[in-house]
Amino acid sequence: MCRWLAYAGTSVVLSDLLYKPEHSLIDQSLHSRMGVETTNGDGFGIGWYGSDAGTPAIIRDTGPAWNNRNLREIAGHVRSPLFFAHVRASTGTAVQQTNCHPFRHGRWMWMHNGAIAEFHRLRRDLSLAIDPVLFPSLEGSTDSEVMFYLAVTFGLDQDVPGAVARMAGLVERVGRDEGVEYPLQMTIAVADGERMWTFRYSSRHASRSLFCSSRADAIRALHPDLDFLRGVSEDTRLVVSEPLGDLPGVWNEVPESSYGVVQPGWDEFRPFKPEPV
Amino acid sequence: MCRWLAYAGTSVVLSDLLYKPEHSLIDQSLHSRMGVETTNGDGFGIGWYGSDAGTPAIIRDTGPAWNNRNLREIAGHVRSPLFFAHVRASTGTAVQQTNCHPFRHGRWMWMHNGAIAEFHRLRRDLSLAIDPVLFPSLEGSTDSEVMFYLAVTFGLDQDVPGAVARMAGLVERVGRDEGVEYPLQMTIAVADGERMWTFRYSSRHASRSLFCSSRADAIRALHPDLDFLRGVSEDTRLVVSEPLGDLPGVWNEVPESSYGVVQPGWDEFRPFKPEPV
Amino acid sequence: MCRWLAYAGTSVVLSDLLYKPEHSLIDQSLHSRMGVETTNGDGFGIGWYGSDAGTPAIIRDTGPAWNNRNLREIAGHVRSPLFFAHVRASTGTAVQQTNCHPFRHGRWMWMHNGAIAEFHRLRRDLSLAIDPVLFPSLEGSTDSEVMFYLAVTFGLDQDVPGAVARMAGLVERVGRDEGVEYPLQMTIAVADGERMWTFRYSSRHASRSLFCSSRADAIRALHPDLDFLRGVSEDTRLVVSEPLGDLPGVWNEVPESSYGVVQPGWDEFRPFKPEPV
Amino acid sequence: MCRWLAYAGTSVVLSDLLYKPEHSLIDQSLHSRMGVETTNGDGFGIGWYGSDAGTPAIIRDTGPAWNNRNLREIAGHVRSPLFFAHVRASTGTAVQQTNCHPFRHGRWMWMHNGAIAEFHRLRRDLSLAIDPVLFPSLEGSTDSEVMFYLAVTFGLDQDVPGAVARMAGLVERVGRDEGVEYPLQMTIAVADGERMWTFRYSSRHASRSLFCSSRADAIRALHPDLDFLRGVSEDTRLVVSEPLGDLPGVWNEVPESSYGVVQPGWDEFRPFKPEPV
């Protein structure tokens, strides 16, 4: 449906990752290789934390990313140690800012690729499960936004993997109650300004593509002449819907049904399993 | 909040009413005289029925009406016997197509000026009262769209004044349950392609301005040299948030807490009262 | 660069040709098969004449055609005997309404696929050759708009093929003076409300694709069960950048370096040759 | 026509000046008090230099500033020691990004309020006076952009006041040759990343309003409890089309027909006079 990129590590100018790579996210907006759609031109968004964490800035617009001059300007002038970028391919839902990713709630930022199957039939029940206090925050009409507020409802603030697992559990239960065999398809990135979590899961265990970059020192050993990620810390990581280029040893597929936390010292993905609610 | 214009009668080129009058709706988008806001620049919409009734065409956009070239082109080339036009002033709700009026459901078209007081607090309960079959049709985040689908839920297809009265009754009950003293403020136009209904009501009986044009023969008697409405049937009527000009005898204030049906032979407004549900 | 469609003949609802065909122009905006770019998502435009000819209506917008709801609404509610539609792929020029096609001058409508090679170097000299009275009409920054006003300057009103030939002659002379070997690449449609001319030409005689539909009676003989073009006059014709489907016998390649006039009784393309100026 | 704000001094978060003041530029976009138009809703732009000067970032969009969420996000997250902001009221020229201010050329940034009288008649001659090397950089259709490239043509890089004086001299000569009595009306801000120049001039010596803030120490003495400009250097200055509030002693009208350079140690406006070319 969409393509996304999540970065955490040493502060960089956004355009170094958004525009410069051979098969950058901007290029993917025009010519995705691994997406369900080749064109992701129904809006885009970026979100970044400043050096002081705090509330992230979110820029979203409804046109294609590839021809957006403001995006290029911002990307060329903003540095951040933790940022998200997303290009959207709508499957019928309105093309509007409030349906673009990332979504934000307080210091939290969320983006999604995938879909809740037959969302129009499940939407009401899922929306009702959102904490009534959060319900007025819904501004758009996507499954992704509902998933986000469900995760907030289920305790994102205390336990990210648990909240996402409960959100997924609810989606699967409500879906199956309605006769939807495989209700959920998702790759998700979520951050609080200090850490970044990514999830890859689908009810049929055939999830959308997701890749994580290798440790910076490993990449440097393989490609000593590489500008990419030069001067960044070992723990810096990119998680992307599809690789930004073809270099061997740089990109590793995220395991099916797993999640990871990008933070200092981190090194592995753990199994992800929806939790019944 | 907004300004609107509803026309029913002899088929006319839209621009004759949208652009030509001295204080046209387009002028009101820049300089409203009677509105809560003087500027109505947060989106606009028009909807029109063709000569065969059927599903109306709806054009909505997020910029101001006054500088929109496409609106001017369409208005200058489309004729219709029944059309709506609306210019929006948001009070914080997202500026997006799906929050612009008119709204459409099947052959029905709906637009609104006013507000549900403290809608963010009432939104969830009101949304839940919408027929679950209609719930997935919600695309935006306005009170106006929720009011529309509530009216559809309450039988717009069978009994327009009754359905609107029940919608208003629900809004007032839910509002008062939440401690909102005056929950509803509305002027509404609704049409099915053959007839057009307009409503003026507010919980505190101090409703937003609404005016109805006099019968065409009466206007012609007063202003024999007037181009305005020349050659139109006697029953042709304009209902507007504020008069399109200063001519005496042309515009009549719609009575407080009333509704009218613009149709052949029609001649009076009737009292409107919310109906408990 | 772009894809376009030009229709002249029996009045039809625009969406029958813009949306319904298997490989419609809207589909081409996402997945062009024969274009230089596969995605034509940098704006679009339609222009149509009413039943009384007169000034055409022109609707242009900067987003992709494929997700534009207003385009779908207009196309579904407007009938026309002569209309143009265009989807744009920019090669760097600003994405703005005034760079979208069709362009209009009085009753004339013009659209283009192709490019003036190294236009940035030739733009000033070509702009200066535009009649000074027309110069203030330039609103955008495309080669296509300059070509249009040059054709108007060179007598479009009196002699369409001659004016276009002189425009092409000037572009080639100015280009070659600047050392550009193959200055011009163009398929063009131009109309005055009664007739429609189309041109296919390039300096290197390797022009962008262009196809013309067969006579309606010939198509009906081949495909008796075909809805497409049912009930239209024999002289009705579609000229398109690429075929709207795969039916044999429906689409004929327009000859290299030729032009045609779609009008009653018309039946052949004639050679096109730039004229020195 | 428009309203603008130019800031130079101690680095601040943009929103402190764009959104927080009582009568901020954002408020002026809805309710200008001293402008020719009260509404400035036909696009906006901001441009800022980073701490290392270099090329400024330029963000421009076509909708109103007051409801633009991306502008609010950027303004809330970007700090700059030198930035411009502009809200536009078009007088018929297309509403498009390339007609929005500021304009940029290399490290230079330029914005304008005012007009060249009867620009459509003078546009061609003025455009021809632009250095042919710069001509292809023209992307829009405004007088302001032409004025900018004329100033660049006339040596902005070497001598800002001289280049602007020659630009003004040319406009007046070309205008008067065409019978325009008072060709020029302008308030201009221009910057190179280190310094900022502002100009106030009109052919009839009745220029659009322009105000400059007092020295920060003077303001602090008058209003010791004022947050506004707290902690900034003495030489920090704001130049604005109209004051951002009503505090006495804060705002000084820029003298008619004068210019100033905001830089350390600066303290006065000097006379401005067009220079014949």
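Each chain carries a letter (A, B, C and D) given by its place in the written order, and its residues are counted from 1.
The criterion applied here is as follows: contacts are C-beta pairs under 8 Å (C-beta built on N, C-alpha and C of every residue); 3 or more make two chains touch, one makes a residue touch a chain.
Bear in mind the structure is a predicted one, so any value in this text is a computation, not a measurement.
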Discussion item. Please tell me whether the contact surfaces of chain B and chain D are same or different in residue numbering, using the over-half criterion.
Written reply: same
Discussion item. If I superpose chain A onto chain C using their CA atoms, what angle of rotation comes out, to the nearest 5 degrees?
Written reply: 180
Worksheet item: Measuring from the mean C-alpha position of chain A to the mean C-alpha position of chain B, what distance in angstrom results?
Response: 41
Worksheet, complete the sentence: Among all residues of chain D, those touching at least two other chains are 69, 94, 97
Worksheet, complete the sentence: Residue set of chain A touching chain D in the complex reads 48, 50, 57-61, 69-70, 73-74, 76-78, 97
Fill in: Touch list for chain A against partner chain B, complex
94, 96-98, 120-121, 123-124, 127-128, 132, 135-136, 138-141
Practice prompt. Within their complex, state which residues of chain D touch chain B.
Written response: 30-31, 38-39, 41-42, 62-64, 66-67, 69, 90, 94-95
